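Next, two complexes with chain A in common: one pairs it with chain B, the other with chain C.
Up next, the complex of A and B:
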């Protein structure tokens, strides 16, 4: 990903050209769809139609315009995703710390961390909703579960990646265990920790949107399924697609920014 | 990225098997004795006892296998299509590095797009593809999985083709090797560990996106859809049976992947997952 970042900085024009290309492809398909399908809006509208719907002042559900609905529901979804993300990050980091401190903890938790990667957690969303009985809680729980294991495995990998010589140096300085963690292990695991965060931030948002679709009560996913069932204009759906994509990408960018603020000089070896 | 996460296999390898097994056993005992239910504040209706879940799996083997077949076909079909497409894209990007790398940046942005947003679009797009609702849902679901798997593979394949060992390219050039030889003798073998890195990400991702796209599909079939349908009908025990099956699919496919990797990358350093 670092490599990709570098490319972004040096070759913005190339990226820009690609985006133009993608837009062109979209428009070509949209024109084709417009001629052949009865309801082109449902299949693939023109991009300008979507943009137009963003600025359209028409009320969609009596009190809000399309973009107002999308943004206010995006707020609800993002807020829950963020709470789950923070909780999951904290648990993941603590677990990695525990696993590094106590061999027994590592032995117990490591196989389960591996197994949980193979389990489709999102498929379990409905059952979590049934157990917690509350849509907000289940959003937070699922986002937290999806966040905690990439953070835990990556942070643990960060702890393990510290060179033996540095440990020996600390030992020769008679450093206390607390100082070893504070001055050596935690700073050097930061790039790995952020790799975990970058993986899990978009996942937490996906999870939150998915959980929305399971029950009413607001949130992007809820609006998405309503719009698909034509309870309101289909452009709400298209706006949600783009807003969902944008916040997914922004969440990744936010983690990159945080990484630069926290550890400006360190980069994980890739 | 090359992370070492493997455990040391030493004298205490016995405890490293014993501890997790004990932990698992404790959880199962807590579950069966309903102490877990008290902790979570739920009842045996929503969270049935393990023996009941397994009885249901046994009783409904026929129906479950049918849904498993639908899900596995979608996820494996999408995985193969997506990985092949991704490898091809990586190849194209390698051939035109400047434009290719920029293109991959754009592709990697798709990583952050929620699957949920893609699934309904493809459902609508494929409406006219077939008369049969089952077939066209199948196509739509497979396409969703394909998109998810393409991204990881194309980025990793590109890195596999271009991040060569120092001087290996110079060596090939000093032999006056032509481009095809460099490609097949150097780049393709070099990309193999990266391919498995991508697969470690995309195998679980393919199952997850198959399950999620089933939620939105027209035709009601598949493990993911059954979880949801049974919960809507308040048949929690059956839903749990499907959850167990979904987890089993995930674990089995991952183990197959690890097995294949163990054979194909026998003499190489293990590379751990990235992206």
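Up next, the complex of A and C:
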């Protein structure tokens, strides 16, 4: 009995139940859409239709099948998102360091950082594109802008969360500021830093896809809008929806993996 | 002050004052007229944490500061450690200020919580202060091994703190404090969060470690029996305002074991300490 209870309550089972539930809801709605709409493919196709389209050998744009288009464009988008993410992470971390070192920096910077975060990405993207005049650079910049804020705030919270006694231990050893950061503050803030990364990694990808839609020149977002305008089969759109979701989840998983590599004691905890 | 020998009067005087207060050999730490006040948060009268404390501590002495909460025992320890500044009066450690001694890294501090770095293994936790001091790696490794053997945790070197029991964690803290070869070991209620059995085991360990290392130990506790068991002298502090109300010599023979707790002499000393509190 207990064994069964354990299995039912295990994490994998919960995930499995969610997947089953989502598939069921999707299919119920898809069946309804199929009966009532004129072009059910555009509203909500069955899942098997999407899977079928992935393996379909038909050329969509003269030289590539649907999945080939999606994957090659995903590469473009992902690469830009990754560069932006890395730059944003570096800026975010440095900002957190500065804000922790100088109270004045925190007082001056913090409210304005929040304002940057409040500007809708849809509004900011055309401006950035107008300034940089290059879609690739825009993708990087937007991804970086979205990344730095969660990283900066979480890392700063990590610095501030270090217990007084740990600071006093360093003080009693007359540790230099550099050593306090190296041996105490930076290792302590790692869980917080990675929380920031886990929030911003999928965001950077979303942002990058969004910027793609503004202009041609490849990328998932670009294909997404072409597909929606029926320049190519609608299944490119549906594949992008799923590939996008998978990339987002994988980016999160990658951050979790990185965290475990960086902090080996985490392994034992879980 | 020179020549005022063993004036055992109760009005906060210079006990065991064999040497002058200028910090010559013979007196490790001299505390003179030390008063500490904390400003009241609501702008009222400042809180007097310590009032006119005078104390001399000899090299290699195990001295315990005992008293109820609010008596300023931790404040006194923190002042010696340069974690708290005196309002008036002074603390003198071999002719130097606590700050100078701290900068020379001569203090080993054991806190009430183990204060371990959870991302470091036991070995690397013990190692950390030595890294700050720039001790070469080979020497560090040797000392870590020695210290872990001393506290009986040699087999746990590669574990992380959260894999250890509370008592073991506290022992790591002691090993870390001792690894830098401090001249003065300051312990702030290090065993108060532990259960009675673990506490007794650590008492035995600490007595053994002290007899081996011969450090000056200043130990803060609110447990009278613990104070009597461990120390050469018990400094009794009373609250409101925090002050020294008595200093009790513990003339039990060493080495001591837990069995000493069953002797009449031990119990008499416990009673003596207990009866020394004022205004509790």
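FYI, the second predicted complex is superposed on the first by the 252 of 270 C-alpha atoms of A that agree within 3 Å, B and C clash if a C-alpha of one lies under 4 Å from a C-alpha of the other, contacts with A are read in each partner's own complex, and residues count from 1 in each chain.
The criterion applied here is as follows: contacts are C-beta pairs under 8 Å (C-beta built on N, C-alpha and C of every residue); 3 or more make two chains touch, one makes a residue touch a chain.
Everything numeric here is computed off the predicted structure, so don't read it as measured data.
Novice: Give one word, clash or fit, describing how chain B and chain C relate on chain A after superposing.
Specialist: On the shared chain A, the partners fit.
Novice: Identify which of chain B and chain C touches the larger number of residues of chain A.
Specialist: Looking at chain A, the partner in contact with more of its residues is B.
Novice: With both structures superposed on the shared chain, find the angle between the C-alpha centres of chain B and chain C as seen from the C-alpha centre of chain A, to the nearest 10 degrees.
Specialist: For this superposition the angle at chain A equals 90 degrees.
Novice: Per the contact definition in the header, classify A:206: touching chain B only (first), chain C only (second), both, or neither.
Specialist: first
Novice: Of the partners chain B and chain C, which touch A:131 in the superposed model: first, second, both, neither?
Specialist: first
Novice: Who does A:173 touch here: chain B (first), chain C (second), both, or neither?
Specialist: A:173: touches chain C, not chain B.
Novice: Applying the document's definition of touch, where does A:63 land relative to chain B and chain C: first, second, both, or neither?
Specialist: A:63: touches no partner chain.
Novice: Report the closest approach of chain B and chain C over their C-alpha atoms in the superposed model, as a whole number of Å.
Specialist: Minimum C-alpha separation, chain B to chain C: 12 Å.
Novice: Both chain B and chain C touch chain A; at which residues?
Specialist: 268-269.
Novice: Using the touch definition from the top, list the residues of chain B that touch chain A in their complex.
Specialist: Its residues touching chain A are 1-5, 7, 12, 15-16, 19-20, 22-24, 40, 42, 46-47, 98-99, 101-106, 108-109, 111-117, 120-121, 124-125, 127-128, 155, 159, 203-204, 207-208, 211-212, 215, 223-224, 227-228, 231, 236, 239-240, 243, 246-247, 250-251, 253-254, 272, 274-275.
Novice: In their shared complex, at which residues does chain A touch chain C?
Specialist: Chain A reaches chain C through residues 163, 165-166, 168-176, 179, 183-184, 187-188, 190, 263-265, 268-269.
Novice: Mind pulling up the chain A residues that touch chain B in the complex?
Specialist: 1, 3-4, 7-8, 11, 14-15, 17-19, 22, 37, 42-44, 103-104, 106-112, 115, 117-124, 126-127, 129-131, 153-154, 156-157, 160-161, 192, 195, 199, 202, 205-206, 209-210, 213-214, 221, 224, 228, 237, 240-241, 244-245, 248-249, 251-252, 268-270
Novice: Can you tell me which positions in chain C touch chain A when the two form their complex?
Specialist: Residues 81-83, 102-105, 107, 109, 111, 113, 115, 117-120, 128-129, 131-133, 160, 162-163, 180 of chain C touch chain A in their complex.
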